[in-house]
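Below, each structure is written out as structure tokens.
Below are two complexes that have subunit A in common, paired first with subunit B and then with subunit C.
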Partner chain A sequence: MKPHIRHLNKLRWISLTGIFLVLILLPCISVYQAYVAAHAYDLLTPSEQLFYDVMETLTDPFVSDPEHDLDAVKGTTWAATVFDVKVSDPLAVVGQVSAGLEIYPSFLLAALIPVIVTLMFGRIFCGWICPATLLYELNTNLAAWLHRVGLPVGNRHFDRRLKYLVLGIGVILSMITGSVLFAAVYPPAIIGREIYYAIALGGFGAGAVFFVLTLLFDLLVARRGFCRYVCPGGALYSLLGRYRVLRIQRKVETCNDCAKCTAVCEFELNPMRDGFGQECNNCTACIAVCPTDALVFKVDIKDIPNQGPGHLGRHYRENEY
Partner chain B sequence: MKRRKFLQDLISTATAMAAAPAVEARVAQKTGIRYLRPPGSLDEAKFVSRCIRCGQCGEACPNRCIKFFGTENGFSSYGTPYITPREQACILCMKCGDVCPTGAIQSITREAETILDSVAMGKARVNESLCLSYQGKSCGVCYRACPLPDIAIKVGWMEQPHVQDACVGCGLCERSCIQIPQAIRVIPNHSL
Partner chain C sequence: MLGRPSYSLNEDSTTPPSMQVETQIGDYYVTYMVFPAFPSPNQPGRVNLYASRIDDGRPFDGEVAFKVRDDSLFNDDEELLGVQLPDDNVFRQGFEFREAGNFIVRAEFEAGGEPYQIDFPLQIGEPARWGPLGLTVAAIMVLLITVNFVQRNRLISDKIRSGRQDRAG
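Moving on, here comes the complex of A and B:
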């Protein structure tokens, strides 16, 4: 019988898609609320009236006073208000503290839940929540398809520590300019903002161009290059998740050294040789692909490094002791 | 002695010139764009350092008056919210301050006294040579559009508007002015 954790990767895709759809829904709700507040249904164009009707049908079962009740959920994954609880990306807090050179306690509190979750589960924001990850992973699939039909795709490698440098430089530049610069280069913040601009304000902004450039970078230069080498948020989450409690471990007895896990890892890690480290985002893609179910979750704050070749692999059996 | 004086001057000038960009950069970009920050915003430099560009103020705005900068006002205000009162003015509903996570827009209760105390987006100024009421055609539209009539704006016997010091700068008068170009406009506080 196959263990159930193999299906976690499907759950992760559902989570990513769901959050992306919510990011589309929230600006729609905002526009709908503005239409309701204006009390001017008759002045809307036919397409706007259709939009109004659809939104009314969708929200009617849940709220009695859409103009105010729908204020319950606002924002994006960068910073959101959920039933009066403010939740914010830790990178926003780092950026704000370094730009303002001051600490605003209630904003620190907003990052509390994400920080605790990251301390426990590691970089799961990257794999399970980030709206940019959905597009980046689809982009990876596109690259694989292009490769199959014979078109060139980039697969260069850089130093993964580059992103910590980006984080540091971002903090210093924010201090100098007094402006939260991370917001301009951090893909999940860009995605949330640009979806909102496109739906509520009538068009994409400059951030969309930047995001398309990162997609092209991933496609033509380095697979998942932005997340692996550049993303300052990924760097921060990696640092926070260094001593995460839940991590993936390889059972050396059932591993057959097939290297599928290493090939599928979006973050260039090496599960086949226990190379998880702080950057593993518990995305479970390696668990889903493992033919012998040798990858499992365990509760510990350390990896077991260098367990050697898998016991079902040829390399181990030919050198039997 | 003369040489020492020259060297001292040289060094002090060089230090000042080297430090200038760093100091300058922390002050928000000054361009010709006339814009208002949402009601309850901190002063400009502090606002830019507090705002994390999450866009929730715009999402909460029922009047859809809050727009967001691209790079046209300098990179330091990229993604920050602003209001162009002639296009769509603020109705002082104060929802943006409630959702702002960083306090860049302060949360203010929606009562006339607290709004008068805490909101300072700008101050309306009348161009008397354009204003119809000052030309003998009594109009008074700005007075009727004002959410704080007789407090923020008073009118004379021919409906000539007189902006008071209590004006918070929401821009509804500028939005509703029937003259083209508008005879009353809000001068933002950060450019006063």
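Moving on, here comes the complex of A and C:
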């Protein structure tokens, strides 16, 4: 029987899809609340009336006063209120503090939960929550399919420290301009905002163009290139998660050196040689693909140094370690 | 924006409902209302704007220019709707659009030597839901979902093969 841990990757896909759907649902609720507050059903256009009817059907079993009762969850993954608890992306806090040159204690408090979770589980926001990850991973799968049918896809490599430079430059520019510039180039913030624009305001903005360009960058230049080389949020989460408590480790006794884990890792890490580092987002794709269940979660603040070839691998057996 | 648009009048009012947006900018607290809330093409409407200082509540008493532009990407063509002086502390700007669409009304004024520009949304009738950008995004989403769904059984082996070749250079 396969261990349950192998199914974590499926759970992760459910999480990513669920969060994306919530990001679509929230502006729908917001618009519906506005219509209810206006008491203006008769003034709505036919498509708006249809929208109203659908939302009323969906929410009626759960709330009696939609104008006020549907306020439990508001916002996006950039900043949100969840049952009166304010939660904010740590990058939003870094950006705001840089732009305002002032510490905002309540804002710091809003980032406390994500920071603690990152200190515990590492870059888990990137792998399990980020709405852009869902689209980037679908895009990677598209690239793999295009590659199979013989079309060229991007496989260039850059220095992954580039994203730390982007983070640093973003902080400096925010301090100079007084604007939270990260919000303009940070895919999760862009997606939340653009979905809201599309549903509540009837069209996409410039952020959608930027996000499409990042998809093309991933497809034509470097696999998962934006997350690996550019994303300032990924850089911040990597730094926070450097000494994460929970990390994936290889059981060298059961590893057969098939290298599927290394091939499937979209962040170009090397699980087969114990190379996880601070970049790992605990996505568990390597665990799901491992045929010998040699990858497991361990509580440890450091990776194990390279343990050498897997004991079930041909290289290990031929050299009689 | 401080929140979603709210509405100032209830169902018992004999006045058509207005869409209301409130925002803070610089030293001012600005309220913007559209009458009716959902104007149609060839139907006269009105924008009311009220601006007061945040510190002492004193209403702004200069003049406000109202401009309008089509709310589409890369569109900078702006048309002056009018320049208004306050009438009982309210700046009233009438309008009548011939076509449905999403528009941005920009209110401009100068106070304390500082220029103020505030953009507000204005929807006329039922504009087309899908512009060129919306269609592009929709097409990409359909492509991503379709390929991932149709190829779901081969994706892991494709990813492993692609990943190996990617690393090989």
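Remarks
Operating definition for what follows: the second predicted complex is superposed on the first by the 320 of 321 C-alpha atoms of A that agree within 3 Å, B and C clash if a C-alpha of one lies under 4 Å from a C-alpha of the other, contacts with A are read in each partner's own complex, and residues count from 1 in each chain.
By definition in this document, contacts are C-beta pairs under 8 Å (C-beta built on N, C-alpha and C of every residue); 3 or more make two chains touch, one makes a residue touch a chain.
Since we're looking at a predicted model, the values are computed, not measured.
In the superposition on chain A, A:206 makes contact with both subunit B and subunit C. By the touch criterion stated above, A:306 is placed in contact with neither subunit B nor subunit C.
In the superposed pair of complexes, A:110 makes contact with subunit B only, with no contact to subunit C.
Of the two partner chains placed around the shared chain by superposition, neither subunit B nor subunit C is touched by A:57. In the superposition on chain A, contact is made by A:34 with both subunit B and subunit C. Of the two partner chains placed around the shared chain by superposition, subunit B is the only one that A:26 touches, whereas subunit C remains out of contact. Residue contacts after overlaying the shared chain place A:75 against subunit B, while subunit C stays out of touching range.
When both complexes are overlaid on chain A, the residue A:138 reaches subunit C alone and has no touch with subunit B. In the three-chain superposition model, subunit A touches both subunit B and subunit C at residues 30-31, 33-34, 37, 200-201, 205-206.
Every residue of subunit A that touches subunit B in the complex is listed here, in rising order: 26-27, 30-31, 33-34, 37, 67, 71, 74-76, 78-81, 86, 88, 92, 95-96, 99-101, 104, 106-107, 110, 176-180, 183-184, 189, 192-193, 196-197, 200-201, 205-207. Subunit A makes touch with subunit C in their complex at residues 30-31, 33-34, 37-40, 43-48, 135, 138-145, 147-148, 153, 155, 198, 200-206, 208-209, 212, 215, 223, 259-260, 262-265, 268, 289.
Contact residues on subunit B toward subunit A in their complex (touch as defined above): 22, 25-26, 45-46, 48-56, 58-64, 67-68, 70-71, 75-79, 95, 99, 101-103. Contact residues on subunit C toward subunit A in their complex (touch as defined above): 4-7, 10-11, 17, 19, 36-38, 71-73, 102, 121, 123, 125-127, 129, 131, 133-134, 136-137, 140, 143-145, 147-148, 151, 154-156, 158-167, 169.
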